[in-house]
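Next come two complexes built around chain A: one with chain B, the other with chain C.
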Partner chain A sequence: MTAHTAARDMAARDMEAPGVAIRDLTVVYKTPAGELPAVRGVDLTLAPGTITGVVGESGSGKSTLALSLLNAVQPPGRIAAGSVEIDGLGDVLTLRGEDLRRARGRQVGYVFQAAQNSLNPLKTIGKQLLDLGRSHDVEDLRGLVRDAKDLLARMGMDGARVLDSYQHELSGGMRQRVGIMLALVLNAKVVVLDEPTTALDMITQATILRIIREVHEERALTTLVITHDVGAVAEVADSLAVMYGGRVVEHGPVTEVLGDAWHPYTQGLIRAIPRLSGDLSLARALPGRPPTLGTLPKQGCVFRERCERRMEVCETDEPMSVNRDGRTVACHATDRHLTLVKRKEFV
Partner chain B sequence: MITGTGITKIFKQRGGVLGAREVPALRGVDFAIAKGGAVSFIGESGSGKTTLGRIVAGLETHDAGEIVIDGVPMSTLSHRRRQPYFRRIQLIHQDPYSALNPTRTIHQTLEAPLRLRARQTGRPRSWVDGRAAELLAMVGIDPGYVLPRYPHQLSGGMRQRVVIARALTMDPEVLVADEAVSMIDVSLRLGILALLKDLRERLGVGVLFITHDIATARYIGDDGELYVLYRGQVVERGATEKIIADPVHPYTQSLLSAIPVLHGLERPGAERVVPREMQREGEPDGGCLFARRCPFSTERCENEMPVLGRDGGPGQETEQEYACFHPKRRSVIPVGVGE
Partner chain C sequence: MTHAVPGRPRLGAIARKIGGHLVRGLAMIWVVATISFVIIREIPGNPVLGQYESLIQKGMSPEQAERATAVLYGFLPTGNLWQQYVGYMGSLLHLDLGRSLSTPGVEVTTLIGHAARWTVLPVLAGTLLSFLLGVTMGVYAAIKRSGKLGDALALSGSLLHGVPVYVIGLLLTAVFATLWPIMPSGGPVDVEFVPGFNAGYIGSLVHHAVLPVVTYTLASYGGWILAMKSNVVAVLGDDFILAAELRGLRRGFVFRYLARNAILPLFTILALSVGMLFGGSIFIEEIFNYPGLGLLLVNSISSRDYALMGGTFLVITVGIVVANIAADLLYTVIDPRVRSGGAA
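Showing the complex of A and B:
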């Protein structure tokens, strides 16, 4: 390949990867205590061609956020406000019926949490692939099978053999690859992976993370990885968004956020990760526990009960996201050191 | 003190045209857990670590070898006479959601074993309630809040603490913790690990810690011992801190290399090994079990099986032992950015 065509390929790739802009997204769940927000007022931009990692604990709203990209929040949940603009597709939240069904799979690929368990145990992988093709009116099913085999081979597997297999004949790492194949085979350019490494062995996890990174680059994708595992995001992502109690509390380039976290929750979370090196006495668990829908405070900062830098204002006012040096943070305690710029988010 | 010598377990798999196939889950594992000690077994799924934990807890039989509890070889006792010994070894398993009966309050969950314990030790019935509160306080939760509640009303971290409190009702000598923090929220994991460490120090309870996440093994005590298990064989053994800082066996190095680097805080170790994934394969005939995945294997490794010791031979008593013909220390773990 000459330098010229390589440059053109790069340009084409940049053109291809779509950007995603989530704006003021609020998702509520119906509970006996009324409708409560699992995701509230979230702004998040996925820059074209990047991998964004969203890290959060149980109840942080990260999976609900991910489902919103497919406009697939199920009752008792409901998207109450906001928009999810995907380049070349428009606002996903306004899509209905047939348009929405087509967008899922064709434009947005989704690898479900525990892809290990989301396959049909009664059908071979090949049959499930054909079902997927038919439901999306793919005319060239042979081509689809060829693409699937290529993708599987790319991930180090014997495609023909995998397509002839039932899910129980595949290991956890192989099923995860099948999940990725099914999400990409219709040439989706936006891919969401929900907990892609949960329940995998360490070495398999490392391999899957490498595959995600490589396939992302080769196919010029815009990728969102949802996980509770900061380490997994550190290995694979360009930018890191930290969610807590339904809010994005911090977002920025992954090395900067890990190297110098601004939000007290991010700082505490990093301190709480069991690590191979470093002083054992400096590591400690965060006090308290993550909030649930029912225990979220009605006003003020959602993190204040566990926060060591809590101030009076945290009881009453919810901190706004502020931007500085290409990073955003929502915290009253860090505000003081930042120049307040009235743009809510970095791009 | 609990010791195991030559613990061997063979699973018979039905299957295929050739009929039953024998799969060794444990191949002559030796170990010792001292009073209040911390012993960690690490390995991938299929390494036999869970099976070992179940054998130690008396929930699974073994095909060869001997478990000795407080000087008494278990093989010399009838099934019934063994029970009091194994009751002093309590298993805490991975999932605090399924480990507790959802139809019982925490009070009821703790009451039943405590009544048994009261009968065994000749204590009055009135002792039970006080002890339940005492145990919950010991594992760091408020008895007044937790006792009347059902499991679904508690967070995962609290449930795991209740499971530990229930294990403590039997005044155990050893807690077998099988992936005890893998389903707990990240911000709370260190709390559970610190609790296990605390119980070792305060009660002299030994901990057999089973995990695939080596980093967590550091946090149950810096005096711990680590066993690296591969396909039922201990391939490296020694002080936890030593093995993590100075691994010698290529499998240990692969496991450590696979742990994500927190870019920004850390940079990768200089000699990080690119690990190869586990393949489904049959028994190798005679050679090292890890040879086919090992980046450093030679012809000798294909033909001869290394034994745990120094330099691949059965060895003198040493701090760090390994089963490898080509031992070499490699710096594979992440280094802090500032260092």
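Showing the complex of A and C:
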């Protein structure tokens, strides 16, 4: 990061970006085998003005976590416990009805996965923008259209033309930028992006990531990016949370987590990334499969089946999150390792 | 990337589209007319020649018999195939469908015109009523699909869809005309009223139309509710509905997004049903003794009235072709994706 962007970063963060505190969040899904947790006991703090990336395999609960930020977990899912405190809004999980509807879009923006269609195919983008404005009692609809055009221009598009288009007249990358525009146009300060670059080509991915970063800094946002692409996260995020089996197993500054992973799962995930230079065979896939809702172990560590450092305690006790040097990790092995190191220092 | 506004068809394009439809529609009608000509001329026994010969046997001169037969069928009974064909097509162009055999001397167009009156309004009313009812209930059944009422609605659709129309018709007659006689058991109107625009006549018309319309509505309601329910459920699973909710759109907007997208595919079926109505509803007209196009077709077949048969087929064809064109043009208006397929 250059000094210039760092300075802009600082300036942006001084503008009231809200913090988000997820506490003890548990989301269960109703299945024939009873209610099973997709997200269990997640604690995650999004520092004001930062981009937090959440990575994990399919089924790790990351999208469910993202939906929880808008209290929008879809049936048969249900938020069973916990709170999501957003500065200036309170606990989102206690919001109901109209209050919840007003918070969505106005305070928390949500950007959908690119490949899927988040736009009504029968209405022009402009008309959908007006529907959005009317839903949130925007009086100056002309101003709203102006803001939308500015945002679109900001993302390298011809605003007037885009607003006059139907979804099918736009490319995947353009639709994704329209999605970002709709999430930001009401000036939401918390933005959740669920797999924003999945199913886009590499060039468009890079463009979208750059736009996310720039708009984030310009508007002093607090941003959560959900992805399974560690590379994308490395490019855009300040801090990184790694999810596995519905738990956040590791969380910390992105450079530190990727440079020196503590949790065996994170280490495996990083080892599995093929390098552009060097031997392709160095990339090693993590053995085994991620757990599904039904195969989650009832007790002990969720990762132990695939872990090369499993111990006896992993079978019985779930590891607690341990906080150290601004990083958190939930692993018995790492725990012992860290304690050991610490003891050595004191001897 | 062109900056011409996409998706808005220019006037020339619209004219070309309508022109194309008309040409294809006329071609279709021509094919059907040709087929019905071949059938009338070529079926075993050759009714045209038979008519001609029987007239001669009755003592007509060949010239007289030829002319009389030509009036009946629209083409000369003798001569080669091409002469007959050209003659037939020529009279079609003058909207002359020949004359009926079973109702001697009356022009086929007149018969069809009379019957159409008794078909178009009741069947149209039944179609539209069942469409509105089925679509509304379908949305409700989809939204409440995990509740008892939703289940009950879907079940009612399946049941009614499975019951043949004549069973519904007979049941309704049994209950409302025999068991509890508040409705007339048949016929289009009571004879004691003077036809015209007077309260008694109109009231009697409506009274007689109730059972046929209700029968028709019940018979097609099941299809609509099931189709609409499955469409709504499919659209509910689409991302843009969740996206709209997550953007905090008012329920009214979300509902409109949902309903408009779900109802779209049904318009084709509706347009085709409206086209089919010129075929009448044979069972309903038979049960309620309603002198509509369906009954006319049945009678023409049973009395081997080939000119009338051909004419009725032709009218049905034209109805369907026109409905198809209407459906296609309607789509250009209601579905932007059909307007001009040009994804950037």
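In the analysis below, the second predicted complex is superposed on the first by the 319 of 347 C-alpha atoms of A that agree within 3 Å, B and C clash if a C-alpha of one lies under 4 Å from a C-alpha of the other, contacts with A are read in each partner's own complex, and residues count from 1 in each chain.
Just so we're on the same page, a residue touches a chain if its C-beta (ideal position, glycine included) is under 8 Å from a C-beta of that chain, and two chains touch if they have at least 3 such contacts.
Predicted model, so just to flag it, every value in this text is computed and none were measured.
Under the clash rule set out above, the superposition-derived model of chain A with chain B and chain C shows the two partners fitting side by side.
Of the two partner chains, chain C is the only one that A:135 touches; chain B does not reach it.
Shared-chain residue A:182: touches chain C; no touch with chain B. Shared-chain residue A:209: touches chain B; no touch with chain C.
Using C-alpha centres, the superposed arrangement gives chain A a vertex angle toward chain B and chain C of 70 degrees, stated as a multiple of 10. Judged by the touch definition given at the top, the superposed model places A:41 against neither chain B nor chain C. Judged by the touch definition given at the top, the superposed model places A:274 against chain B, while chain C stays out of reach. Within the superposed three-chain model, A:252 lies out of touch with both chain B and chain C [touch as defined at top]. Within the superposed three-chain model, A:171 lies in touch with chain B and with chain C [touch as defined at top].
Of the two partner chains, neither chain B nor chain C is touched by A:291.
With both structures placed on the common chain, the touch criterion links A:121 to chain C but leaves chain B unconnected. Once both structures are fitted on chain A, no C-alpha atom of chain B lies closer than 5 Å to one of chain C.
In the three-chain superposition model, chain A touches both chain B and chain C at residues 171.
If you check the complex, the residues on chain A that touch chain C are 70, 72, 74, 101-106, 110, 112-113, 116-124, 131-132, 134-136, 158, 161, 164-166, 168-171, 174, 179, 182-183. Partner chain A is touched in their complex by these residues of chain B: 44-45, 155-158, 185-191, 193-194, 212-216, 218-219, 222, 244-245, 254-266, 275-278, 280, 333-337. Of all the residues in chain C, the ones that touch chain A in their complex are 3, 5-7, 238-240, 242-250, 253, 257, 260-261, 264, 334-337, 342-344. Within the complex formed with chain B, the chain A residues making contact are 57-58, 156, 171-173, 201-207, 209, 228-232, 234-235, 254-260, 268-270, 272-278, 280, 283-286, 289-290, 292.
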